[in-house]
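Below, chain A partners chain B and then partners chain C, in two separate complexes.
Moving on, here comes the complex of A and B:
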């Protein structure tokens, strides 16, 4: 107990005051509002986010250009993209429960998109990548990240897993899905026509990305500010303000009226649940690392943390 | 200043890109030279070119084993330095020089190139093509702290340099002394460790890696064997004790260069 939530300066429950943005956000609209504010204030010149098919159709030049199949972007497959306006932020809001390799754009953001000051959102492992890139920048030249926003993460899925979960298990077409969510012990799929399907997490476990099973961070300990839904009431988010940069951006955003807040001690289920889930994740994945150490007969699988 | 560290720069078969990356620290380089580093010899940036006794030598480029002078220079570098740092993909792994077949004017018979670790013991690797100015700066500051710092600073520098000191000894997929996209395949992806962050695709200097459905796909014919992808991968090495302190360490480095 103690280290599972990482270092933080403050923790609150919050929600964006931007009603338009909230309609498109996953939870309290924290990520998109923070970036919108940081763009307005010139704290960042642009932000790396996870866009999608519809975004690509509208803003193709803002998306990653690699060999990924961009001719046929399947519904709900994330495409890393650079956003510089609120309209683009809104178009990329919401959680895609599959891999969006946002770090792949971190060098391009400077080189091809001309950003001096980069904002980036990502899972805890992606925040780890950002910090490794700053202390050990083997190939990240002149990469300056004044705002890294982390999102809580228990696990992620390959695209094909989401396809199978939604289309086979939940029996819905991916293109007819409005929102997906993991919460209250279930995987929820909300259809555009109002239908709701829930899958127990014991169904989803075998579809998880294996690399997630050695992950020891639940609440993005290395972000400037990290956020997730867990701990706060529906439509609200739990926020950890972690670094000096994060502290300063959060204070300015609060002063500008971007968020309404409630003390985390006052909301249900509160930090207790966040702590419990963080502990569960770390304990389970430490056990995986232990099992890897004796995986074969006198032969171990690699441990990246040693 | 008495408590500077002495540094040398041996330039073998490298394109001078590493030298340029070092110089691209601009003001930071001047501060380094002013306060912490006594640059004893370096072909491009110093008057003295011949190898001398130093605390730390950086070596750029691989060794042409058909060139007597190059072979002598790498051996002399080892004999005269406490710490040898292989700077850049060519010195660490051979990199692009691995593809040489000779026949190039004005020394057509110079055709065989080896990473310096095949001829001498190397203490620290800095893979990449070219490694960034910031990476070279960070290692230079840490080398200074290791040799001249307080006990606490020495501990930090030791922890910071540890993974870079492990690279020369751990070996890679294609064989002990060469790097490749295969390192990600064998040591990360096949080990069930990849989490699809995209760091590898970002840092590849020749765009040999693209992310397909969130996972790296390597165009191995494009790969020049620089070692950046595996070094940068958070599932290659991740020393939480150091990286977790990123804020304090970055502040200390920036303060040192004021």
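Moving on, here comes the complex of A and C:
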């Protein structure tokens, strides 16, 4: 194939040098560190991230919720939030394996939050949305996104799926979950009391969001910088620096000593695994697209890539 | 012998309107009819049966120039009907939003009237789109003023056009401390620019006023000193914001208001007997064309104390600040004088805003069918909305918008002016015709008579 990793200027394996951040991070603390650096440097004056109920309880003015009653907000339900300090970044750190409507805050960030330069983190499809929104005359023209960080994504889960996976398959209350992770071909659930449950990915497949099965982007091709754990050792993240802006932010962050890096060629499993998984996703989803071409009555479903 | 001339459509204002003028041999207007020919919207009919939350959103879609005034007046009319008082910080956000709307509208109006005016000391009319100095600097300043005002509107109201943040009972959300600072900085910048813009526009308008004659499409037209004078009264409900039936001392009285049918007011069927192909943008209507303002006008004629009144910046200044200059130039100058006042008031409101304050009322009643009204001082005048809400459903809704008030007043002001300057007088009112067009017209006996117009 050859184009499965998108265009990028450089690729490294990295992790944050900030020990405090690493304690709360999913892998290498890349997104949190990048945003913390960009906030310090004035590259952005706020970032849209996926937070949760605990964050909302602590910083209610940073989220937009229809219902401010904490009792009805479920644990591990992602809540998009606008963060402007490192403390808020730490409070929101970590991956939530279900859909977080971050783009919904993009416009509001320039409105009642009064931001001029917005950082945003999201999945590949959300990166596509950010780019489209800033091109289309939807009223997003005044939305300035100087730093868009994409995360690798094979597929995503609706909230109900996570509930089912954790509470039924892993037999754990969502409230007692400390961390969730997908790695080494398994879905891992870590409990607060130390219990660890692993589910084979075969089990999780049927809980995936069907909309994800037409996506041909594994590594967030449209982001300024994309990152994910795949390809790097535990506690490290693989990084693709893609755009000019991404390159300049990354160079500045490196000069400021925010990250320690290793050449991607030197680490195991390396780019080989990223490429393999990207190809897997693309091949699998192309098959869905092909199937859709013959689906429907009279008119096939549209291939979004054509 | 009177002749009839028709200018259709009129240009450089919002909406679709025309002028039918009866002129004497010297070309001086004896009777002028300025009427809206925008098709009726029917918003008031759409509103019936909807929830009070929906109606202000629908009402604001009547037009894109002052949707903020319509949203606010409609929301507050609902609140007046259900008797809901909103928190102070919500009111502050609404004040900021409303002033932002007025500031960007004044800037837009400057663009619309500049082509009528002359560069002081020259015989050159101003083309605001030229790349040449000094006009380019002015145009850039106008753009920046619009940008500033719209950004402030976005922050306080959610959107610069059709604000999404207002709701019955207050606002959906307060703004952040950072957003408050941003609004403050922008308002400070706007104040400096508005002062410069005001000084410039007043100089240009005074220069125009001092002229003996002006050029219209190659015709030399004498400029009367009484251009746009009329003897109608002024109506304003607040120097900046508005009033409502919930106020302790409401500044508008529904009992003094009455609306009459256009065919009781405008001229009947006539034939165009004067044609001027040199008149700008394609000349006037061809000779022999039949015109019938009575039946073509799509508005009612609202009266206050039995007479049409003027609303708008001059009315506000006349009622609240003792301003006394009559005529078109006086009216345009009043608008410019409001500019800095608006920014000063906006800065005060931003200062008074507490970003952590509550912005939604604790209790929002469902309404018992009481008639409530709220007025909002839109850029072009008093915008009154009336509503009756019962059990969280709108039973009755009506909009009395600024330009509806001004149609009859402006028609009266046309008398005595050369017909070529009729549009200049009309533009002094900064007309916004779309929202002025109405479906519901009630006659003296409160009978619904608009159906006749539609037949």
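Structure notes:
Rule of thumb we're sticking to: the second predicted complex is superposed on the first by the 292 of 306 C-alpha atoms of A that agree within 3 Å, B and C clash if a C-alpha of one lies under 4 Å from a C-alpha of the other, contacts with A are read in each partner's own complex, and residues count from 1 in each chain.
Throughout what follows, contacts are C-beta pairs under 8 Å (C-beta built on N, C-alpha and C of every residue); 3 or more make two chains touch, one makes a residue touch a chain.
No experiment lies behind these values; they were computed from the predicted model shown.
In the superposition on chain A, A:285 contacts neither chain B nor chain C.
Touch criterion not met for A:226: it reaches neither chain B nor chain C.
Legend: residue contacts after superposition of the two complexes on their common chain; A:238 is shown touching neither chain B nor chain C.
Judged by the touch definition given at the top, the superposed model places A:61 against chain C, while chain B stays out of reach. In the superposition on chain A, A:160 makes contact with chain B only, not with chain C. In the overlay built on the shared chain, the residue A:115 is in contact with chain C alone; chain B does not reach it.
Within the superposed three-chain model, A:16 lies out of touch with both chain B and chain C [touch as defined at top]. Between chain B and chain C, the partner in contact with more residues of chain A is B. In the superposed model, A:32 lies in contact with neither chain B nor chain C. Residues 64, 108, 139, 142 of chain A lie at the contact with chain B in one complex and at the contact with chain C in the other. Listing the residues of chain A that touch chain C in their complex gives 45-46, 61, 64, 84, 108, 110-116, 139, 142. Considering their complex, residues 21, 126-128, 131-135, 138, 160, 163, 187-188, 191-199, 201-205, 207, 210-215, 217, 227-229, 231-232, 234-240, 242-244, 246-247, 249-250 of chain B touch chain A. Per the touch definition, chain C reaches chain A in the complex via residues 151, 154-155, 158-159, 165, 173-176, 178-183, 356.
Residue ranges of chain A in contact with chain B, taken from their complex: 64, 66-69, 77-78, 80, 98-108, 122-123, 125-126, 128-129, 131-142, 156, 158-160, 209-216, 221-222, 243-244, 301-302, 304-305.
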